[in-house]
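Two complexes are shown next, each including subunit A; its partner changes from subunit B in the first to subunit C in the second.
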Partner chain A sequence: MGKLIVENKTIVVPGETLAEGMDYLPGNGTYRIGEKILAEKLGLVNVDGRALKLIPLAGRYSPKINDTIIAKVIDVTLNGWRLETNSAYTAMLPVKDATAQYIARGANLTAFFDIGDHVVAKITNVTSQKLVDVSTKGPGLRKLAGGRIIGVNPYKVPRIIGKQGSMVSMIKDATNCKITVGQNGFIWIDGEPKEILRAVNAVRMIDENSHMKGLTDKVKEFLQVGGEAK
Partner chain B sequence: MSYTKRKDNRGFDDFRKVEAKAGVIKNADGSAYFKIGNTIAYAAVYGPRELYPRFLQNPTKGILRCNYNMMPFSGMGERVRPGPSRRSKEISMVTQKALIPVLDLSEYPNAVVDVFIELTETDAGSRCAGICAASMALADAGLKMRDLVTAVSVGKVDDKVVVDLDYAEEAYEDGHVADIPIAYIPSTGEFSLLQMDGIISTDEFIEALTLAKKAMPRLYEIQKKALKEKYLLFHGNEEKGEKNE
Partner chain C sequence: MSNDQKQHMIKSFKQGVRFDERGLEDFRKLTISCKPSKTAEGSAVVKLGDTEVIAGIKMMVGTPFPDRPEDGVIMVNAEFLPLASPDFESGPPGIDSIELSRVVDRGIRESHAMDLKKLCIKKGEKVWIVSIDICTLNDDGNLLDAAALAALAALKSTRFPGYDGEEVNYKELTDDKLPLAQEPIPVTVYKAGDVFFVDPTKEEQKNVDARLTITSLGDGNLCAMQKGGEQPFTLDEISKIVDLATKRSKDLRKEIDKL
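Moving on to the complex of A and B:
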């Protein structure tokens, strides 16, 4: 009979034994050695019936297909742009995936996206060697103008977005800011300077306290009292 | 003459007082602090990130680069000349080799994980302190790893086999001294670093290894606790609040 060693939702470190016996199955972030299941990363244990899974708490972003990210143009090449993605790899934005507009052969590509510009892009392909292709053709994908960009821990992005975007729309409504959240941990915020600051503080607060329960109410309260930094 | 009592009154199989902390360097992707006696190591992990020059890239998996550095006034004797030395290069290499068996970088082809180990204060056992700090920092950086690596030195002073030699013991003059830094992977019981300086008999050597194996689990617990403490604050709040996920 298998035995669970740690409780559901506890924090574990690499190498920690999660369960013994063959009744439990190792899922993401765990591995089996002999009869034991051990943690492979720093994270929260999630016990789902017989399956054990680890929710990572830290780490850099790693590009995944269909993610919407905020990226910075770092180079202009013959057939497109090279983008910095806040991960270990840069992404390629080919001319044909950049805009619906016709771009003539040999046109000056910096007229569309120049070095230093930020864009909202969608990852269309990631190869085994982590060559990343992105597209800026599609709803919501565009070049970003104005506003400011902040970086957060990419593993906390789901918390910032909230269920069906509840958290981010709450901040949008309270501050009247335009906000775009990239899966890679970059967040673009634009609005009145004072309001931007409130939104930034709210996002930072979520980033720092993402493990708290009842976070939505805390953020709501935070925004009501003015959203001044602590 | 024989060595009957250690300077700080600890037992022959005891290590010095240990303090550990994770997440001490804000700008790093992962970081840790490890203090054993008067030896203090800080480790900062950056990456996985792009690796240049390109000829260092490995298209099958990411590489680990370690950098061990003793700060100029960290030692007890002469000022340490800043910059890489023959000694620090060797220690950087053995640190890398001690850590790589637990790390899985296959998800990061052509990339690098950089580990910088800085020693602000040293009193022997610095490479072991560095390895302990580095393995915690790697875990803090959220990297995929089989286990943490625990390291401590064992050895012989005069006629006694001891754990965790300090500088005075290493410099003991009335008899033979051996210093054996060891890195250990607790989940499998493997050694990933084993070096030696000095003279020791085979029997004593085996005894020293046994002592090391006994001391390692206690160090391992300290490392684990420190990593968890970084998040414990949040976790405490979690239990009180309602479910919200």
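Moving on to the complex of A and C:
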């Protein structure tokens, strides 16, 4: 019978033994050497039955299928756009997945998305060689106009969104800002300049304090007192 | 950054709201630490918010230029290390690092900050060569001002190495300082749309249309300028910029004077 060495939700360091024996299965962020399962990254252990998973505390974004990301156009090619995704890999947005509108052969593609533009896109495919395909056809997927884009730790994105989007809608309501959160750690915020600052400060606070308990209440209080910088 | 976001920044700046809640004419927190390097004759690290630059001074004995047999030599070299920013590549110096080193060089040279005659050991044969090396450690905008301040602070901390007429003894430094007569302080004023501001972060600097670096002395005289960016300035704008730069240089001078 295998033995679990660490408890659920503990913070482990790379190389730390999580479990012994073949009964446990190594998941994301863990690996097996002989009988042992070891941690690959610094993060929180998640024990789900026999499967061990590790949620990293920090790191680069790695593209995943069906993620909605905010990406920047870095090149316009013959058949689409190349996007920068805040990860080690760029993404390809083919013309046929860009818009429902008819695009004539040889049309000027910069009229739709130009270099430097930011778009909200959904990852449609990631190959084993990490070739990433995205689409901007679908609800909420669009080109971003105006506003400010900030970067946060991609692993804190779920905390920023909150359960069923509770955290982000709280910030939206308190600041009257439009906010779009990309899974890759880019966040787009638009509204009145002063309100944007409050929203940015709230997001930064979540980014820094995501491990704390009762974060929702803290953010609520933070937004009520005016969201001044620390 | 796209044009849309630039318009947004300008709109925000017009209401006096900057991306990190400073005023348009405020610098970030400046910290200067001297002599971080044990092997250089002088060195300094300057932090301007998250921007960080290190400057080091090496003193060598060499032959003067034939047309200036009595003058010491100043050399400024700047390197944008790839660790400072994802935009910097290793390899031969790029156009930006050449510009930066030349702006720093011009500030020190044209202000006559150092009395080069005093660096002469034997006319036409031996003079001190002062080599100023600048490395960026982290780029969060406004490298120009940070680098020039680091060079100045490093010059202030420099002590001559021992010299017996034959060889330079780098192991033991003397108490002699460099003959610094002036302290040139640079302030770069940036323009986006029709707003003017100083000390941008990297996010803000991406949207800049034009910039003007003004290097001024303690008595208020200007000694060097450098314009960058694609947009022009009008005469009125330049006098506005000079006023702003001299005002801000007084604050920076206080920090330099503390050293």
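Everything that follows uses one rule, which is that the second predicted complex is superposed on the first by the 219 of 230 C-alpha atoms of A that agree within 3 Å, B and C clash if a C-alpha of one lies under 4 Å from a C-alpha of the other, contacts with A are read in each partner's own complex, and residues count from 1 in each chain.
By definition in this document, contacts are C-beta pairs under 8 Å (C-beta built on N, C-alpha and C of every residue); 3 or more make two chains touch, one makes a residue touch a chain.
This one's a predicted model, so the numbers in the text were calculated from it and none came from an experiment.
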item	value
Subunit B versus subunit C as contact partner of A:130, first or second or both or neither	first
Partner chain(s) touched by A:58 [first = subunit B, second = subunit C, both, neither]	first
Comparison of subunit B and subunit C by subunit A residues contacted	B
First (subunit B), second (subunit C), both or neither touched by A:145	second
Subunit B versus subunit C as contact partner of A:114, first or second or both or neither	second
First (subunit B), second (subunit C), both or neither touched by A:197	second
Touching partner for A:20 - first (subunit B), second (subunit C), both, neither	neither
Subunit B - residues contacting subunit A, complex	29-30, 47-50, 59, 62, 102, 104, 107-111, 139-148, 185-188, 223-224, 227-228, 231-232, 234-235, 237-238, 240-245
Residues on subunit C engaged by subunit A in the complex (per definition of touch)	1-5, 7-9, 11-12, 15, 17, 19-21
Complex contacts: residues of subunit A adjacent to subunit B	9-11, 13-17, 29, 31, 33, 38, 40-42, 56-60, 62, 87-90, 128-130, 155, 209-216
Residue ranges of subunit A in contact with subunit C within the complex	114, 116-118, 144-149, 190, 193-194, 196-197, 200, 229
